[in-house]
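Before anything else, here's the structure in question.
Labels run A, B, C and D following the written order; every chain starts at residue 1.
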Amino acid sequence: MLNEELRTKITELLPAATFEEGGDWLTVNVEPKDWLLLAQPLRNDRSLFFDYLFCLTCVDWKTHLSMVYHLSSTQYRHTIVIKSKLDSSQPGIEAVSHIWRTAEFHEREVYEMFGVNFLNHPDLRLLILPDGWEGRNPMRKDFEDPVNMIRL
Amino acid sequence: MWSFSDIANELHIWLNKTFNPTLTLVIEMVIAGIAVISLFAVLGLVLVLMERKVSAWMQIRLGPNRVGPKGMLQSLADTLKLLVKEGLTPNGADKLLFNLAPFIAMIVAMLLMAPIAFAKDFQLWDLNIGVLYVSAVSSIMVISILMAGWASNNKYSLMGAMRSGAQIVSYELSAGLSILTIVVLTGSLRVSDIIQSQADGWWIFKGHIPALIAFVIFIIAVTAETNRAPFDLAEAESELTAGFHTEYSGMKFALFFLAEYVNVFIVCAIGATLFLGGWMPFHIGNWTGFNKVMDYIPSSIWFFGKTFFLIFIIMWFRWTFPRLRIDQLLNLEWKYLLPISMINLLLVTAMAILKWHF
Amino acid sequence: MFITKYIKEVYLGIKSLLVGMKRTGYYFTHHKEIITQQYPDNRDTLNLPERFKGEVVMPHDEKNEHRCTGCQACELACPNGTIKVITQSVLLADGRKKKAIDKLVYHLELCTMCNLCVVACPSDAIVMAQTFEHSVFDRTKLTKILNNPGSKIMDGIE
Amino acid sequence: MFEEVGTTTEGDLIINVGPQHPATHGVLHLVITLNGETIKKVEPHLGFIHRSIEKMCESLSYRQFIYVTSRMDYLSAHINNHACAMCVEKGLQLEIPPRAQVVRVLMDELTRIASHELWWGAMAMDLGAFTPFFHAFRERETINDIMEETCGARLTMNYMVPGGVMQDIHPDFQRKVKEFIQLFKRKIHEYDEMVTGNVIFQNRMKKVGYLSAEDAVSYGCSGPTARGSGVRCDIRKYYPYEVYNNVEFEEILETGGDSFARYMVRIREMEQSVCIIEQLIDNIPEGDFQAKTKAVLKLPKGEFYSRVETARGELGVYIVSEGGTTPYRIKFRSPGFSNLSVLDHIARGSKLGDLVAMMGTLDLVIPDIDR
């Protein structure tokens, strides 16, 4: 499907969604509370069929966090980027690991690196950081580790 | 002609002349014990070097070539290293069993030496149930592995030991059945009788195809019994790190290591005795001229040549094949080897009764 | 039929094993195929390609002159802070002052041989050498000063 | 995580495979719940080699950060560098010269063969056959020599730079690559003799670790892991970059979904890579090997994403730029991370020995997973 068609389709599904121009792929901004509402039809709608979540990450913008989902369809080969702004102090968003199983590991990674709390995640534990890790999240911009970080 | 049996006889006569009979017996036993232990040491050194060279050449490498001329002293250096290493006993281990296990492995290997005929008339103990004795004693081997695995208090060791238990118990069957084929053909369990019966040709040639099948099954089964690849599930270093001897180090590990090689030697010696005529030179029926020529080669060379040939084949297996999985291992035994060897035994029995063999 | 299938299975299985054994047996008997290189012994015949990135060096000519202007492009290009250029101003013959290097400190222990400094250098003053045996007993020996003592910049390099 | 030893309440055995274990090829830690020999659960614990490359890159310039990515998936270092260079070029809207494009593709394919060679040897070793490991290294060595001659290094080359490649190819490059292809074609059948055709090997691989196409997509699997399940996912085919749309090659698909299918995909992929190299090696266009770029690269504000097909699957590089000389945020979507997540799913119910085979066919490279 072309970007224009995707745009109309997504507006139908979620009128509150806003769009960003530029870049190869259509970028959709959604509110965190609407994300699950959009995610279900994105995966299950036969004409959209975004079955391949190939990148799930988070960006720390200092004032807020922003979740970025890159979705693609192995059938139609169209790609879409979903972004969602999260509050920096209490970040939380619905987990999508029951829709795309790959999200389970990626969400665990984002959870420990950025401190995003994924609601209804089946197994939200530390994956990379050692057990009993306390302190801030390493990938945040304000993270400082005087011992292990080397500034040149 | 100069031979092992002459030396033994002369020694016996000389001892009898010098000492009283009881002392002679004691001295002879001590000499035999020392001979067996030194044979062990030499075998360990030679077989480890052989394995390393065989594997190296198959793997397009050079292999050990630094210690001594052409790397011949490499295994001596290895032994030295193992000797000076600390023999750790893990904290939670069952100390007695843990330290006993390697010795049991060695003792079993030593006991198995008794009925083997190394050369013409050169045998420690030619008992009348020689072959039965071998298959009975060799199954004690599993006890030492189970002990080592259990006492280590390590889950990898335990799993290795359990695998090994299942494996050795099953493969005893087909090894036993293929030994039986030769016993049926010979009509005797005595090792010297079995060898004498091959004076006009080895059983592998005389026994038609059934003997060949029995030989193949025997080789497969003993490879499994000695825990050699592709049946090295008890060790399986990519799965269980080192299996039952994960926690062993230093000399205790060396004993296991040595026992493995000595066991390989023994089973190959048995195989050579049963199927390839032991020390019996290569004879063809009534070709007296040819047989005479063959007799000029000393019997010990015949024996060791055949044994080392079989050892080479087992090493060849190890460096070619991937490892089996535990259920496939048992499938192979119960679904393939056992039925085939049973039918084979039936054929051989019929053949022996009807005197179809040469 | 079951029996023929069984026999065929056994036959094909054994055949596949023998094919593998034939291959390893071939290598066992053909020692010409051995590829082992006996490294410390063959040091004299080792032939490293001229592009091999072993360490950064600064070539000097026979008059003990190098080509480094002290522009610090390499220092900026380095991702790890491997290179530190310490400059000084020298008095030229005609009385002008000019920036030149005092020391070019190179930390081999930090270097990842990424070649970015060599590419960045505008006057080709530094190149990659083909040495690779870098181990020393003392870590401070890995910090090297690339310009020779008393060396000068070549004429005509700006 | 180290308290999780002993047995569970149901009497299952919990064993730790790794962080130091011969089959994990690195510092991966798997906590395995076993019932006898049967696996009930596999739980990976990561982070033993996590260097936070993404964070490191935030303080490096667009030229400098590429070398770090060689340390992620060190077996396909060229392809990692390629992805990063491509992403920067996307931001700069830079056209790279045709010669550089062809050289990049050639290097990628050589890397892919080298990586698959190593995988083949290591996987045979996992299954207990040691000899193939050395035989695989013989051919890989030839590739490494070619790399060494042109790029100056054998493993972490840092040859791709934004705008093209760092140096022109060595004059001997074409001849040596052709020699390698001859050697490879002579030797590839030995792989079948020693491993593929072996009855023990086939029994170890077939019907083991079944992964359905739907699960493969859902778990985000890519590369040979997904193609073994019949998922069409070759980035080179569907999102072609450089000159991949000008060369003829087949996307290898196997429908088995088991370990053997994944194995066959990799073996056949090596042949396809040779096919690509053969098409390009005589047709390297003349011209520059690098586009003219400024000394200091500045990406415009925005987000850039590039996808390439590495030896293990899809590598994505996601750069968020604020317009400065360093990336604001960089994310590497590494193939190994997603491929590892499927391990628990496919390993349940199989034997412990199979786990090793499965990890072998997933072709895990731990620094790639941990980044």
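Operating definition for what follows: contacts are C-beta pairs under 8 Å (C-beta built on N, C-alpha and C of every residue); 3 or more make two chains touch, one makes a residue touch a chain.
Owing to the predicted nature of the structure, the values given are computational and were not obtained by experimental measurement.
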So which chain ends up in the middle if you average the CA atoms?
D
Most distant chain from subunit B, judged by the mean position of its C-alpha atoms
A
Just the number, please: Cα centre separation of subunit A and subunit B in whole Å.
63
With centres defined as the mean C-alpha position, give me the subunit C-subunit D separation in Å.
24
Between subunit B and subunit D, the Cα-mean centres are separated in Å by 45
Just give me the whole-number Å value for how far the CA centre of subunit A lies from that of subunit C.
42
For subunit A, jot down the residues that touch at least 2 other chains.
152
Would you please write down the residue numbers of subunit C that are in contact with two or more other chains?
17, 20, 23-24, 35
Numbers and ranges of subunit D residues touching at least 2 other chains:
131, 138, 194-195, 198, 200
Footprint of subunit D on subunit C - complex, ascending:
12-14, 16-17, 19-20, 22-24, 35, 48-49, 51-53, 73, 77-79, 112-116, 119-120, 128
For the subunit D and subunit A complex, residues of the former touching the latter:
1-2, 44-47, 50, 52, 54-55, 59, 214-215, 217-222, 231-233, 238-239, 302-305, 307, 314, 316, 318, 320, 328-329, 331, 333, 337-338, 340-341, 345, 370
Seen from subunit B, its contact residues with subunit C in the complex are 54, 57-62, 316-317, 319-321, 336, 340
Subunit C-touching residues of subunit D, taken from the complex the two chains share:
60-61, 63-65, 67-68, 131, 138, 141, 148-153, 156, 158, 161, 166-167, 170, 190, 193-195, 197-200, 202, 295
With touch defined as at the start, can you tell me which subunit D residues reach subunit B in the complex?
13, 15, 21-23, 37, 124-131, 133-135, 138, 194-195, 198, 200-201, 203-204, 351-356
